[in-house]
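Got a structure for you, written out below as structure tokens; questions coming shortly.
The chains carry the letters A, B, C, D and E, assigned in the order they are written, with residues numbered from 1 in each.
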Amino acid sequence: MATRIDVSGLTAYYGKFKAVADVNLTIEPKNVTAFIGPSGCGKSTVLRTLNRMHEVLPGARVEGQVLLDGEDLYGPGMDPVAVRRTVGMVFQRPNPFPTMSIYENVIAGLKLNGVRKKALLDERVEESLRGANLWEEVKDRLGRPGAGLSGGQQQRLCIARAIAVEPQVLLMDEPCSALDPISTLAIEDLIAKLKSSFTIVIVTHNMQQASRVSDSTAFFSLEKTGDPGRLVEYDKTSQIFSNPKEKRTEDYISGRFG
Amino acid sequence: MATRIDVSGLTAYYGKFKAVADVNLTIEPKNVTAFIGPSGCGKSTVLRTLNRMHEVLPGARVEGQVLLDGEDLYGPGMDPVAVRRTVGMVFQRPNPFPTMSIYENVIAGLKLNGVRKKALLDERVEESLRGANLWEEVKDRLGRPGAGLSGGQQQRLCIARAIAVEPQVLLMDEPCSALDPISTLAIEDLIAKLKSSFTIVIVTHNMQQASRVSDSTAFFSLEKTGDPGRLVEYDKTSQIFSNPKEKRTEDYISGRFG
Amino acid sequence: TDDNSDSGGTAAKPSNGASAIACEKGSITGSGSSAQKNAMDEWVKAYQNACDGAKINYQSTGSSTGRQQFVAKQVSFAGSDSALKDQQKTDADKRCTPGTAVDLPMVVGPVALIYHLSGVDKLQLSAPTIAKIFSGAITKWNDPAITAENSGVTLPDAPIASVHRSDGSGTTDNFTKFLKGAAGAAWTFDSGSDWKAPGGQGAKGSDGVTATVKSTENSIGYTELSYAENAGLSTVAVKNGAGEYVKASTDGASLGLSTAKVASGDDLKLTFDYTAATKGAYPIYLVTYEIACTTGLPADQAKLVKSFLTYTASDAGQSSIADLGYAPLPDSVATRVRAVVDKLS
Amino acid sequence: MKTATVPGSAVAGGEDRLQLRGRVLPRWVPLAAAAGAVVLTVLIYLVTSISSRIQFLLLVAVFFILAMTVPSTLVEGARRARDRFATNLVYAAFLLAVIPLLAVLVNVIEKGARRLRPGFFTHSMNGIGARDVGGGIYHAIIGTVEQVALASLLAVPFGLLVAIYLVEYGRGRVSRVISFFVDVLTGLPSIIAGLFILAFWILALHQGFSGFAGALALTVLMIPIVVRSAEEMLKLVPDELREASYALGVARWRTILKVVVPTALPGIVTGVMLAVARVAGEIAPLLLTVFGTNLINANPFSGEQSALPLYIYSQAGQPQQAAVDRAWAAALVLIVIIMLLNFIARLIAGRSRL
Amino acid sequence: MTTEPDSSADAESRGAASATAPSGGDRPAGGLADTSTGKAKVGVADLIFKNATRTAGVGLLVLIAAIAAFLVLRATDALGANTGNFFTTEEWFPNATPPVFGIAALLFGTMITAAIAMIIAVPVAVGIALFITVYAPRRMASALGYIVDLLAAVPSVVYGLWGLLVLAPHMKGIQSWLTDYFGWIPLFETDRGVGRSIFVASVVLAIMILPIVAALSREVFLQVPSAHREAAMALGATRWEMIRTAVLPYGKPGVISASMLGLGRAMGETIAVALVLPASFNISWQILAPAGNTIAANVANGWGEANDIGRGALIASGLVLFIVTMLVNIIARAIIARRREFLGSAA
């Protein structure tokens, strides 16, 4: 199975401030979709509406629809907790739980789901840490606090934590912005591997990364500060990078506009 | 004037853990020097020894010498506060002061060091924010809290804050890792501009960035986890990227090693 | 403002007292017994109303604290529920050099036994029975010892909840003195300001005792009469030395106290005789003293103390506190007190 | 890859549709559970001979939580049930706490308001006899405000300095010992603080009773609370901010005063207000040090003063209803004063900037 | 916490003496040694500030030492005159001749009332703090926070009067109900239809310390970085699970610390307990019976009418309370320390 995401008429607010307006796009299952655009255009905001993380901020709310395999995430009776379990997320800033060891961090999500079997947990920890390209570095100190790692290591720990619960969709908000090229490469490899079974949405500032890893790319932008961000163009990545329809997309990609 | 940095026999510890060992390098004045290397190799650590920020962590200590225009930063009688005013720093994670407005954040360094003249402050705020490519976005809300900005905006605010005190040397620890390409470009331009009067050291994971902005590049690496990081190669950037002397440097740059 | 002549309610300038007051100026402080606080408030009010420029501050800190503050020269006089004992006297005398410290009985009041028994509005008890109730020897209200004294009253088959003071108290001291003096073998504990018998429950302050009795079925406690009256609780008629059952009243207490022996000399310690067969006497009473220096206070204080105590010991002073639940000093005692006050300098 | 079959897990294998809804209890269930809990409790009350209102609420709460947990477990699964259980428990805790606390407040307001009138604030107790209904608390308000202000003036800077030492400089034995004894000091019975000042200030140094002596005793009581809460709040300031400031070449002490303390300020203010609230109601230490008076004495450095808690305590113990009324009214005023102080402190804390 | 190691402080202090002239220049920040400019005293200012804080810290120790010395000094005479065993005697008659007194019953009462109060108050206070920080809508939350602070302001004598006049009568029902149905538990065996018991005193104390613990816990919970909360929620944690994985572990030391403040107050409270407890001097586990007394309440009860020995005895009891507080804090610290050790290395 795989999961398609249909976003229609999505508008997101922070209190009275309209951060993004009227976004419509369809994210294909088993695909990697990249969100690009200048800072402040609302990439993170849109991403967070996809697993109902937007609304955890006080005053933040959403209008419009996000259909996950046809079911509206914002429909009545929807359980945000179940949504988030299905749609995992990695944040811009690494945020390992400071009170937990590396091991506990990785299994934090599984534990919530009631998995208790030591063997299974051990296995999953290794698998996830390998997937995040962190295993070799931490295998001898799984019991040490997760917050004692370097920035890059912490972020990889967070990725390991997110993939450990095997979500259906994985949202990544600039997951590699704190990683070195080797780790970035490993994550990109991992993304390529994961997309055979997951739907992946990634926010990135790294245009090369977007073109390397993604199948489709959504370019967001905003007219001027204070205006809401908007989806300018959404297409196959190859199309966006080689032959964008919009002038603004081209300007951005070629570095002429921000 | 400009400032040359001579590092010799530098070894840095976190408590008992030797994080980097025996670093020797000379950073030329009015130059941009990039530190690259895999995650955990000690780039941030070395950077922080250059303005005595390393020692603010409990248990962290330094051996060896760091000469700033011939004066040993770790020599007797050195005032770490004065050192830090001369050697500014921008961090990996944006860290604006949460109790202060945007305006106050920018002038924090000045005000906390006793500058009070309103006209001067106003001027410096605009100058610094323009330098950090943030002026247009925030000029209407200088009185709003700095923490209300998006990640990228926050980091640019921190850069503005650092350059507002007009240091002699500017240390940047992955300053662009949270910025979009446009802002990154602006910062890179800024770096090019600043290097006419400042000495700049930048840690980056982005090899393209290193090759774009820097004159010299230092490649750090470590044998295996638990070993201290070491300086593998230090040379002109063009040399490092086109014709590295060390096999490991080449492997890293070409993506074969991490 | 300090001017309360308009908001003072019922009592503006009491004309009755003014004549007895020979005004002095200055300011003095006194502290000690809480049992005499109400009387002091009344006297201070009357005195200050009559005399501009006189300030008297009495705080009820507890007798012992009052005595210690007196010894430490922190106050000009102390209110005490018991007379100075030997060591205390020595210390207090030192404070008063070249004079001596004297105990002046000043405020007298009945201690009422209050009870809470639904349907019972008349209860009479003798000293031994009271002692047995408070010592835990009698535990039920329908105990033969009680019913024998209360024919015609139906008493419940319920456990007795006796309430005593949990804080150190002159009331306890006087009540246990009564039990010790009148109940004979039924009371085996020492008298003193701490409650020593086991069982029962303590309550802090007379108001605490009153509130506890009021809210506890089948309870009995002891307190100054004014608290009993204010709370509307029934009081026990207590058997006196003459064999009568007498309800607590100020006059009854005065009568009871009139048989007390006053020590010779200036230090007017009282020794009580609880078994004296005085008709109409109420046998449980509380006497509190003022402790003052014969000489030795700074002159300005000495004058004001003397003038103030002269008023409080006067007929006018004594009668002005009658409806606060205090009894006037019996003449025999009052005369002696006035004589000593007259000698203060 | 996806075969985890954890109950309630959205990734249950074999199903085509995502389980994003989970099964949720219909809306009427909580209402029904609440109604059931009330009915059951009423029945218990009819059958047995209990009558306590507090207990009624407790029972209803317990029954409601039970009544919600069982169907929730069955229908919604264990995790949601646990969440519901926790939510209900938190709400119940809140209500259970708020009821008695509000009861206290309502009680004070109800009894206190009866006696409040303008003259009450503008008059002392001078010349008020035992029978009189007049008099006021002007002298006591002055005393309390001055004593608490003086105590704060001494304890807050001192406590803040100690907290700064512990958090920013404290390493090793000395700071551990200090930090430990701060905790010990929190348990000091207030009367001991009063005794200490009595022995030290009044008896040994031969100072008389005064508002200041009382303030000293209150200071002893305030210090540990200020230190403890300020320490807690300073610790929570992220190191990143300190580093950012150091990196700007800002000296340590300025960093602490201008960056760290302002960041922690709202929390510190809360702690200070708790400390003020704690000592403003203290009786025992004042009894021994400020002595009390019926007269107005605006000078805290000389002569006896009164204070609201002393006033409340002495009036509440009197037999006359008029005095008891005054006590409740004074208690109400004391609470309002502390509330106002709290409010002002928060305003100031909210404003403060670099 | 970040700190400069002592070596740097030394460097700073030495800085004033050293006169390494900077390689001159037009920039004000040109000097690295702190002797070059008008603002050269930065290092000195730092030193002064540091020493000011250290002096305050040491001053606190001096204060405590003074208090302790005073307690010991004033207690010795009474302890010498005591004809009972101070640690095992249950009665408290220091004013009698000869004086007989012991701390046993008082200490027991202090511990048990404080313990029950903590058992009631801490979970409820944490519940309130969670309600305010996590559950309640934002605007309501700040109002509630304010109310909690306000309740911390109610003077203890008011809690005492309320406990005696309002709560105790109300608690009679609950008490007799507990005896009726749970009387088989020894704790609840006896109840004499009087609302004044260790249990009721504990409830009054619990209500009194609730606002303190809740207010500080709320502050601590508010400081939990949203990144941690979001991390938990993004893993599909329910609200409660988010609390358990992100909020509680982070806030635990703070909550323990807040509880210690509450405990300190519960053990040291004088007037409120003195009003509610019947002040009997015996050790009894019957928490519903009208009995019990605490050290602090006994001091309040006994002080006014105590003679010299009596006062010394009360001060000795204060000393015991002091020491008990110390022991309790040692235990609490051990609990926090285990957590800190882990976190400390993470910093």
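Just so we're on the same page, contacts are C-beta pairs under 8 Å (C-beta built on N, C-alpha and C of every residue); 3 or more make two chains touch, one makes a residue touch a chain.
For each chain, UniProt lists the protein as follows: A, B = Phosphate import ATP-binding protein PstB; D = Phosphate transport system permease protein PstA; E = Phosphate transport system permease protein.
Because the structure is predicted, anything quoted here is derived from the model rather than measured.
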If a chain touches chain C and chain D alike, it appears here
E
Which chains make contact with chain A and with chain C at once?
D, E
How much rotation, in degrees rounded to the nearest 5, is required to superimpose chain A onto chain B on the basis of Cα coordinates?
180
Please identify which chain has its centre, taken as the mean of its CA atoms, farthest from the centre of chain A.
C
As a quick test, compute the distance in whole Å between the mean CA positions of chain A and chain D.
43
Centroid from C-alpha atoms only, then distance chain A to chain B, rounded to Å. What do you get?
28
Chain B residues counted as touching two or more neighbouring chains:
56, 58, 80-83, 85-86, 93, 113, 165, 167
Name the residues of chain D that each touch 2 or more other chains.
10, 79-80, 83, 171, 238, 242-243, 246, 249, 251-252, 316
Contacts with two or more other chains occur in chain C at residues 34, 61, 65
Let me make sure I understand the interfaces: which chain pairs count as touching?
A-B, A-D, A-E, B-D, B-E, C-D, C-E, D-E
Mind listing the chain A positions that touch chain D in their complex?
1, 3, 68-69, 71, 73, 77-79, 81-83, 85-86, 112-115, 166-168, 197
Note: in the complex, chain E contacts chain B through residues 1-5, 7-8, 11-12, 14-15, 17-20, 22-23, 25-27, 29-34, 36, 39, 42-43, 46, 347
Residue ranges of chain D touching chain C (in the complex, touch as defined)
119, 122-136, 138-139, 202-203, 208-209, 287-288, 291-296, 304, 314, 316-322, 324
Interface residues, chain D side, partner chain A - complex:
1-2, 4, 6-11, 16-22, 24, 78-80, 83
Chain D residues touching chain B - in the complex, by the definition given at the top
171, 238, 240-252, 254-255, 258-259, 262-263, 265, 352-354
